[in-house]
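Here it is, the structure, as structure tokens.
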Amino acid sequence: MTTSQDPAGLRAAAVAAAVSGALQGDPDLRLTGIAPLDRAGPSDLTFLASVKYAKHFATCHAGAVLVTPELAATEGPCAVRIVVSKPHEAMLTLIPRFYRAPERPFVGVHPTAIVADDAQVDADVCIEAFAVIGRGARVGGGCWIGAHTVIGDGAQIGAQTRLYAQVTLYPGAIVGDRCAIHAGARIGSDGFGYVFNEGAHQKIPHVGGCRIGNDVEIGANTTIDRGSIDHTVIGDGTKIDNLVHIGHNVRVGRLCLIAAQVGIAGSVRVEDGVVMAGQVGIAGHHTLGARSTLTAQAGVVSDVPPGETWGGFPARPHRQMLRGQAALSKLPDLLRKIEQLLKREGDA
Amino acid sequence: MTTSQDPAGLRAAAVAAAVSGALQGDPDLRLTGIAPLDRAGPSDLTFLASVKYAKHFATCHAGAVLVTPELAATEGPCAVRIVVSKPHEAMLTLIPRFYRAPERPFVGVHPTAIVADDAQVDADVCIEAFAVIGRGARVGGGCWIGAHTVIGDGAQIGAQTRLYAQVTLYPGAIVGDRCAIHAGARIGSDGFGYVFNEGAHQKIPHVGGCRIGNDVEIGANTTIDRGSIDHTVIGDGTKIDNLVHIGHNVRVGRLCLIAAQVGIAGSVRVEDGVVMAGQVGIAGHHTLGARSTLTAQAGVVSDVPPGETWGGFPARPHRQMLRGQAALSKLPDLLRKIEQLLKREGDA
Amino acid sequence: MTTSQDPAGLRAAAVAAAVSGALQGDPDLRLTGIAPLDRAGPSDLTFLASVKYAKHFATCHAGAVLVTPELAATEGPCAVRIVVSKPHEAMLTLIPRFYRAPERPFVGVHPTAIVADDAQVDADVCIEAFAVIGRGARVGGGCWIGAHTVIGDGAQIGAQTRLYAQVTLYPGAIVGDRCAIHAGARIGSDGFGYVFNEGAHQKIPHVGGCRIGNDVEIGANTTIDRGSIDHTVIGDGTKIDNLVHIGHNVRVGRLCLIAAQVGIAGSVRVEDGVVMAGQVGIAGHHTLGARSTLTAQAGVVSDVPPGETWGGFPARPHRQMLRGQAALSKLPDLLRKIEQLLKREGDA
């Protein structure tokens, strides 16, 4: 676990109150953790939200269960029941009460870490082993920098931001407050830009920046390139999963959700609240309107209007995509009949 | 080479015996390596399995060749021939006899490596430069931990397991025996889970574990997330290629093969012996039945029955996919004829 | 910025001469940087190439603008105008005149770096903190090796090559001159090769090499596997973006462009000058002919002839793909009419 449990735990009555649930059974039962039905023990809280799992519940020895009204009387040895309309959501909101977020192992700079003389590093930081903080870099208060992480010359990190191990912040990259950047992410690498001249691909120097806002999370091994002249920008509150690629000059708005292995080509504009499922690809220079949604593996080759759900390749409105897929599945059989018809009509 | 060759090599007769092949020519010829037709020299063993390459063989100066019965008399200067039904397979099985697996450079802990006081590290390990082993971590006998690799607090590695350079094992991650984890892999990162509340994506803390079984290989820069409450599990003997993403709460069975850039979304169940080709995507919460196969770039949005081969997007049985593709390729021409027909019939 | 600006800058007349442009306005105006229309200030050069941006130009306070003849008289406070046929290209060629490429911070080996006794490292190198250079490795003159980068035993790097931070060069990998390898790239990892024998996937040892030519660029977190017997080869002048996977035994020719998240399976031959857009997948053992182009997300399952543009899945000539997509979008409506027609004809 990355977190730790409080050995004293919570009373069942306190848990029920926290989720506005109706308590059946012993209000003083001590609960110290959360577990799924098939692993829960006498001091664990579990949850039952679907009749599909009723048979698992029959042999479940959890101390207490979050359960829907419809399932509250399900047979099983678990005596303490907390009735709520949405047990899974209630369980999620309880996690922080049972598990303390990990604390920084120390405040200060590990003896093996290297911090440039002119770097401005707040006193209230944890810089772990072998981290490298470059010339003129800035690290704000409350930060936690993981082992081997490299913060390049002139790069900046705001307050309360955590970089996990082995992250690279390229020179000049800027990251806001309360961000989390997972292991192996690369922020501010050169964009993929060349002009073909004199028989070779000549590199276009990338002199723009990379600006990550506040409350942004970036997944493991994700890459975000710097801009060529202007900046690549990620808006506040956006969450990005693992192995995502964001190309040069892209501007991503606020509160977007970008799932694993998405690829966003250069100069794309992603407005606020856009949701992209896994492995989506966006071709360069297009705009995704606010609160649009792209379904898994979509291949976007045009602008997407605000608020719409698009999918498939080439991406088009989801309903159209489904109709196209349905038509395609009927096609082989119909094609045979059509060929017969055409023959009869003398067109073949 | 990551391996070393034995300068004494093997006699041709010994090679023939090892693959149950019929030897033609000098049984005492010394062979010290394996090379393809266009590079093989007088002390190399090569192989010829297809008439497509007969002309290359005409100028090939290999010491000996593994060859099919049909091609055993092909013209060429190579005098020693070992006749087998499957030369390529025979060659593969001989590689370990010619090339010794690399040995650990030393037994012990590099002076620059950091090992927490309460970490339990077997004496028979090689911990390379700048590696970091966290509090309460465990490393079994025979392990080899590459330079800069980070083993987080409470993480555990079994016996005879090798982690290459710059790997991150997040706190609490568990890896079994005889595993290999390649450079830049991230095991146990947070899953991509948020609930939207009070105008922001609130992070769901991920307190589950990540359990890698025995004899598992994980490719370079692959990411495997920890579970939210329960564990993410990879079964014994499964092999995973580079740049793969495995999301939170996924359970992968035993002896699966997962090729490069596959993405498996959260809570998917992959049963034993499943094979996934490159760039496959599996949407969340589905089940892939035992020994099912997914062809390259498949987009799975439903369960896949055991033993079947599915492909395309949305993934469906491979035969159906091929028929759909064939129908689609005929469609533009037929569409013109149909439009004429409909016009004639007065429907247009 | 990874680069630095010369505070003295350039005179407008010098800039105009450099791009063979016609100067209107003060030839002695000092320009010190380049910026887009919406950010440019009185000592910046900007560019205007499309009437779409004329309204931005009306409020733009750039010192000078590169502009087309058609737009040269556009209303705006910017007084100095340099008229060229292609302002964007002219701007790109000027970047190196305004921005100096970053210089190596020092010449020598950082005290924390580890260099094996028998490694041959040119005196004119910069080896940054915590880098590890293995036994028998070679590093040529003018190189720059980033923090934490690992150069394995027997690996070789030519002259003037830059490896950014946290790169892994596996043992025996060879990289040419004037290359750039970005953070987190893995060169020479084991290929994904197994034979199923005695109930398990037995690993095929990979004893081939990995040969990167001259003037190659490799993006962040990209993985290139070594060959099984023969080598994986990347030809001179080829540029590879982030998160790309190149499998064992692949041969990529010269001057190719490979965009982000492309996946090339084992034993593929890519001839010279091939261009692959983002997220393309190439199935194993196929050949892409010289100067062929693959459009985004293409799934190649056959050879592609030289000079052609292919796309879609399964990939086929681009024109055919577009016709297929057009036909598919008309299909749901036509299918209804066809079903009516077939009913009338008594086929249903």
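Just so it is clear, A, B and C label the chains in written order, and each chain counts residues from 1 on its own.
Going forward, contacts are C-beta pairs under 8 Å (C-beta built on N, C-alpha and C of every residue); 3 or more make two chains touch, one makes a residue touch a chain.
Note that the structure is predicted; figures quoted are calculated from it, not measured.
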Using the definition of touching given at the top, classify the network of chains in this structure as line, ring, star, complete or other.
complete
Fraction-based call for chain C against chain B, same above half, different below
different
State, to the nearest whole Å, the distance from the C-alpha centre of chain B to the C-alpha centre of chain C.
26
In chain A, which residues are in touch with two or more of the other chains?
130, 148, 166, 184, 221, 243, 261, 279, 313, 328, 331, 338, 341
Please name which positions on chain B make contact with chain A in the complex.
114, 130, 132, 135, 148, 150, 152, 154, 166, 168, 170-172, 184, 186, 189-190, 192, 194-195, 199-201, 203-207, 209, 221, 223, 225-226, 228-230, 243, 245, 247, 261, 263, 265, 279, 281, 283, 299, 301, 313-314, 316, 320, 323-324, 326-328, 330-331, 334, 337-338, 340-341, 344
Chain A contacts chain B in the complex at 1-3, 34-36, 39, 89, 91-93, 95-96, 99, 101-102, 105, 112, 128-130, 146-148, 164-166, 180, 182-184, 215, 217, 219-221, 237, 239, 241-243, 255, 257, 259-261, 277-279, 296-297, 312-313, 325, 328-329, 331-332, 335, 338-339, 341-342, 345, 347
